[in-house]
Amino acid sequence: MNSTATTTPVLEVRGLTKRFGGLTAVKNLSFDVHGGEIFGLIGPNGSGKSTAMKAIMGIERPTAGTVRFEGHDVAGQPAHKIARQGFGMVFQHSRPLNRQTVLENIMVALLPDSLFMLFPDKALTERAKWIADRVGLGSVMHRRPPTLPFADLRRLELAKAIARDPKVVLVDEPFAGLTLAEVATFSELIRSFRDEGRAVMLVDHNVKSVAALVDRVLAMYLGEEIVTGRADEVMRNETVRRVYLGGAIETSARPESNFADKVPLLQVENISVHYGKAQALENVSIHVHQGEFVSVVGLNGAGKTTLFNTISGFLPYSGEIIRGGEKLRGISPAHIAKSGIVQCPETRELFGEMTVRENLDLGGQHLEPAEQAKQLEWLFELFPILKQRQGQMAQTLSGGEQQMLAIGRSLMMKPKILILDEPTLGLAPVILEQLSKALEKLRQTTPITVLLGEQNVTFALPHADRVYVLEHARIVWEGDPGRFAAEAGEGYL
Amino acid sequence: MLGLQILIDGFAISALYALGATGFTLIFGVSGVLNLSHGAIMVLAAVAAWAAASVFHLDSYSGALVGIVIAALCSIATYFAVVQPIQRSNKIPNEEKEIFVLTATLLWGIMIQELIAYFFTNNAKTVLPIVEGVVNIVGVRTPKNEIFTAVVCCLVIGLLWFLVNRTRTGKVVLAASMNPRGVTILGFELTNIYIIVWAIYGVLAGIAGVLLGMFLGVSSYSVGPLTASAFSIVVLGGLGSVSGSLIAAFVVGYLETFTAYMISPAYRTIPALLLLVIVMYIRPQGLLGRR
Amino acid sequence: MAHNTSPRAAWSLSVLLGATALGLAMSPAFAADPIKIGVIAEAQAIAGASIPQAAQMAAEEINAKGGIDGRKVEIVTYDNHSSSADSVRAFQRAVNEDKVNAVIASYISEVVLALEPWASRLKTPMITPGAASNEITRAVHDNYDKNKYTFHGYLTSAALALSVCDAAKELLVDGKKMKSAVIMSEDAAWTKPLDIGYEECLPKIGLKVLDHIRFSPDTTDFTPIFNKIEAAKPDVIITGISHVGVQPTVQWKNQQVPIPMLGISSQATNSTFGKDTNDASNGVLYQGVSGPDVPVTPKSLPFAEGFKKKFGNYPSYAGYTAYDEVYMIADAVKRAGSTDADKMVDALEKTDWEGTIGRVQFYGKEDKFTHGLKYGKGLITGLMLQWQDGKQVSVWPKEVAKGTLKFPSFIKVTSN
Amino acid sequence: MIGFFKSRLFWISLTIVIVASTLPWYVSGYILGLLTVAYYFGVFAMAWDLLFGFAGEVNFGPTFLIGVGAYTAGIINNQFGISVSMCIVIGALASVVAGFVLALPALRVRGPYFGLTTLVAVLILQNFIVVFADLTGGEIGLTIPDVLSIDAGVNYWIALGFMTISAAILYGLSQSPVGLVLQASGQDPVQAGALGFNIVKHKLAAFIVSAFFSGLSGALLVFYFGTASVGTVVDIAVGVQVIVAAVLGGRRTVLGAALGAIFLIVAGEFLRPTGELATFIVSAVALVVILFFPGGFLGSVLSREARQ
């Protein structure tokens, strides 16, 4: 495939760095993209790949480094100037003009950046029509966006990005929210951009979903490059495997029959959730027994957070969620939490300007003072670091400590079911071990039930009694963690 | 002598500004609402206190109490009748809720103002002071009422501080102002927190209104300027920052008093407004605001 | 696209038209054409609220006696929310829509000044019951042919200053041996000539002007103002306030400013002022053209009592003048024998009417204050009244005075 | 744009304008006066909607722009006796300058701070008018020697013509390619930038157009009244009325804003028999509409159409 690539790269990125205050989101990133090549920028959530793309596009001003386009540096220029030189970007979330037709929406992208363009050019309309046909919107170009299905809205984004015939096309998560059939069509479209000689750069969470499409991949972690190469090479890379899969996976599942309750503690039956037109969950059913540790494994965007937020009562859904025989529909999120289904979200939701102790006390506020004190003592045993940090502001903690605080705060509520959403997000391996130990301790010494959502299977599997795999809004696999690696593991790189 | 005079007079007016602005900023901090019916609620409290004393012949303590209670009720009504419907509306896009809340609370304020003018005319009203007479502080004759105002303002602000930082409910309120979703997942109903906050706000606005009625007098014309002054102070101090508002209140109060004494009473409000503009250009998040 | 637009626009319009038609149909029908007088006033303000009430009362009295040559007097009232724009709109409505023959308008000088060109443009006699600015009469003087439709039915600021000085001379300089004063007035159109008048006449009567403070009518905190005045150590504060009144008075009392206040304080003329200030008003001396206990003319007391009986409180100063003005307009129509605007103006110029505040005559074309009220003994001199124990008591001139000066304890009248 | 002339909206608008222009022959001068004011307010509201609905910027201080235009025109006429038409042009230009000065720094700040800056601008203008009372007439008003006309019919036609032309220009602009870019910038600034549009430039231009029409309309209004006062053209309450009118008529419709303004003024006057409660009732009605029909008059029609 590289045969079509020209020798001099269209886009040369050298030493690209972006800092937000004290946080370095992108660290010294360098790579080339050639015309007629599809280049993938891959990394788990929070690895800095989106920031890198925004810095290239000029949406974020790079702190350091150069972005050379056809030989001259464009780094630091505003987005509109960079765009005019031959860049197009496909956004993941779009807000089209709802009162204009699809054709008019495409035409906007074709307009010159002038204040005196008062009447539309006939030629522009023709060009817009051509583009609409090109991306498969020909039959709907006179309709308005609110009437279109989700996939067509994504097509509209593609159309806008390539409207002015850019030499570089940046695509943010090309397949988010699409069905498998649609993924195939979109892949075809993106390939055709390459075949027209454009340099295409994709940003996505994991290698697998774009492996078939990309010519080369750069895998990132914590703002830095791990490795660059062909997709299969990258997937074989040890560091990449460790980031995504961790080391060797040991499992210690307890068979489902161990859990005595006849009726599971929590039953999620056939729930479906929509975000506007995009389906976030499709007929998902899971169940969790009293005392069981269940992991829901899935890539970013598969629907894990949606599932947990639905259980916690934050989202409207169809289907039923039943806890101990009682339907949860119509019960407020706060009440659900108070009644024992406590979520520790991936965003942590700490009270940054309060101390660690105050955060914990808020979690334990529903308890009697004596009970609260006991629980706190127990918690400090579980996470000794929190005891040392008691008087410190939550926002000054390190990422790992914040995660422990978030879990600790949830545990202060003495939950019956603890929902942990992506606890490993953006954390260093050494922290993962500490968290892992804490979870193990919970499992051994308390009757707590845990529902864990993870894309990091190394972390998810050792503690799981049972595993669900969520993909494209559906549960695609359920079973024993021991069988996971063999049956479903390959998809998690 | 003049310096001391400015110090004393400035303190009373600043403390009053601070009390008025504290509630305003608290509401913004916790529920993200800039309540532009603020001035109307303050005036309502003062007029109710005046009416209780003058029309229904209650003593000044009961009158003040009536004013405060009515302000608190009106504040809670503001939340339920105006703010909550907008926050819960699915017809209003989220990014436009802010302007809807602003416009709606402004309209609500106008409605209250018009009702006050209708029933009590727009004559200025002064609430019967709880303490009368003057004392001499190092040669500066100071009305006891002025001292009373300053003391009550400081006490109430202190009490609020204690309530927010030292009680369990206060902690939840504080937490909600930092992260509303965070308190929900800990099992606290946001609606309940909002009701508490609006009630606290109503009491604060009520006390401020009644004190203002005793100290300077109010009329339905005061509604706009009162809202504007609370608003300016809160913007100057930084949206949602209570301590920022307190500092800003004293800055504005003293700047105004200083201008009135040293330059001319006619230019009283100008320097503070200019300061506001400068701050907004240099540091748009205000003195202590968070971005 | 907008198929909803036209029905809705048409709807509001037709409703409006319907409502107007209804309004016309409902207006009482008289045998002969009524004499219609438009009253534009500030319904929610202390001084303004009495204006339509007093006018209505006068009209009812005239009609009870058979009207003017068989024609009834009809009052059409408009609330102007103290705004010039609303007033202009109301004036246009009054003339164009309600076909009034004359307009009685407002106690606020700015409003009257905004209306004055409209009286000329729409050729409708207009008379103000309470505005004071000299500009009103100056415009008539400077461009008589254009502005002759405007009459100033209340003392001009210059005359008010004279009235205050006359009273201060007898009460303070002669009576209390006072020697110095500070002028305190709100920043408004009517106080500019007033202040000029004060500056001119106070030294003449023997009061040295130590300082002159003008403040914004938006002022709420008067502490710095009083402190500044006190620092100048005057014997008396000469006031010129109208938009404010309650607040400075209350703060004067709360701070126990040891200096008496005397001068123009429009809100103090209202009988509810005592209550509004929680009796902080005691001791305030204010210039008036009338008072509830003062028989300036034989008509004064019957009017005041009748008004109180009808509306529950005594009228504000503008109530007295508005009451007289309805009579004056009716009288002018009778003498002119017509409601033709120019003929009415001619007749009004020849007015010689004994009303509730004295004998009313207007200055002529050649006088400085054309169409202003003539000031002087035997005509209108004004009064000086004082709030005493929650009541308004006249203290000057001697002929009508019902009491002597009485100050609250915190006032130190040293040169007694 | 071309399609517009074929659309129903065009024919309906044309019919309304033609019908409206015949009103002086059978409607009383008073109603004409009322509609005259309403038309000028309609332009205020449309100019505001261009900024809010299309550029996505909440300008809480429409009266800053209106007031600068109105007072500049009035003061120049008062001080130098320059002809009315010149004064109006100068007033509009002053408003443009003021809009530029306000927008340049204000557009740098984001979120609520833009609105706050514009609101503060109004407070400052208000204070300056009061402080420089010698020039401005201070608290309650500036009397202006000249007026457009004293004939209610002529005034009405001027206002109607002005509103119609303004509406045509503003609506045309909003539907033109530039308007589309503006709308895209308002809706998703990041994406509009990535599509190659200089957002600041477009928003600044929108601000200037909005300022021009606000100032022009403000100047015309003072020459209709023959007086300018804080309460008529500067007060925050007036600004609120403009915003309420635009929201009531339907955000991002331009024409709806004019409709809302006419409704507000006519309703306010229609309620005059209720006396002092008129303002209360109008506010209450507006509040109910905002709470329960946030799309406004035209907005709900248009969004229904968009879904067809």
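Which chain is which? They are A, B, C and D, in the order written, and residues in each are numbered from 1.
The rule we apply is simple: a residue touches a chain if its C-beta (ideal position, glycine included) is under 8 Å from a C-beta of that chain, and two chains touch if they have at least 3 such contacts.
Bear in mind the structure is a predicted one, so any value in this text is a computation, not a measurement.
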item	value
By number of C-beta contact pairs, the top two chains	C-D
Centroid-based (C-alpha) most distant chain relative to chain C	A
Centroid spacing, where centroids are CA-atom means, of chain A and chain D in whole angstrom	45
Rounded Å distance between chain B and chain D, as computed from the means of their C-alpha atoms	32
Approximate Å spacing (C-alpha centroids) for the pair chain B, chain C	36
Overlap residues in chain A, where contacts from two or more other chains coincide	none
Residues of chain D whose C-beta touches two or more other chains	131, 276, 279, 302
Multi-partner residues of chain B (each touching 2 or more other chains)	117-118, 266, 269
Set of all touching chain pairs, with the criterion as stated earlier	A-B, A-D, B-C, B-D, C-D
Chain D - residues contacting chain A, complex	1-2, 172-173, 176-178, 180-181, 183-184, 187-188, 190-199, 201-202, 205, 252, 302-303, 306-308
Chain C-facing residues of chain B, complex	2, 5, 9, 13, 53-54, 117-118, 121-129, 132-134, 141-143, 145-146, 215-220, 222, 225, 256-257, 260-261, 264-266, 268-269
Chain A residues touching chain B - in the complex, by the definition given at the top	312, 332-335, 337-338, 342-345, 347, 349-354, 358, 361-363, 365-366, 409-410, 413
Of all residues in chain D, those that touch chain C in their complex	7-9, 12-13, 15-16, 27-31, 33-34, 37, 130-131, 133, 137-141, 143, 145, 147, 150, 152, 225-227, 229, 231-232, 255, 259, 262-263, 266-267, 269-270, 272-273, 275-276, 279, 297-298, 301-302, 305
Sites on chain D touched by chain B in the complex	52, 58, 60, 105, 109, 112-113, 115-117, 119-121, 123-124, 127-128, 131, 235-237, 240, 243-244, 247, 251, 276-277, 279-280, 283-284, 286-287, 290-295
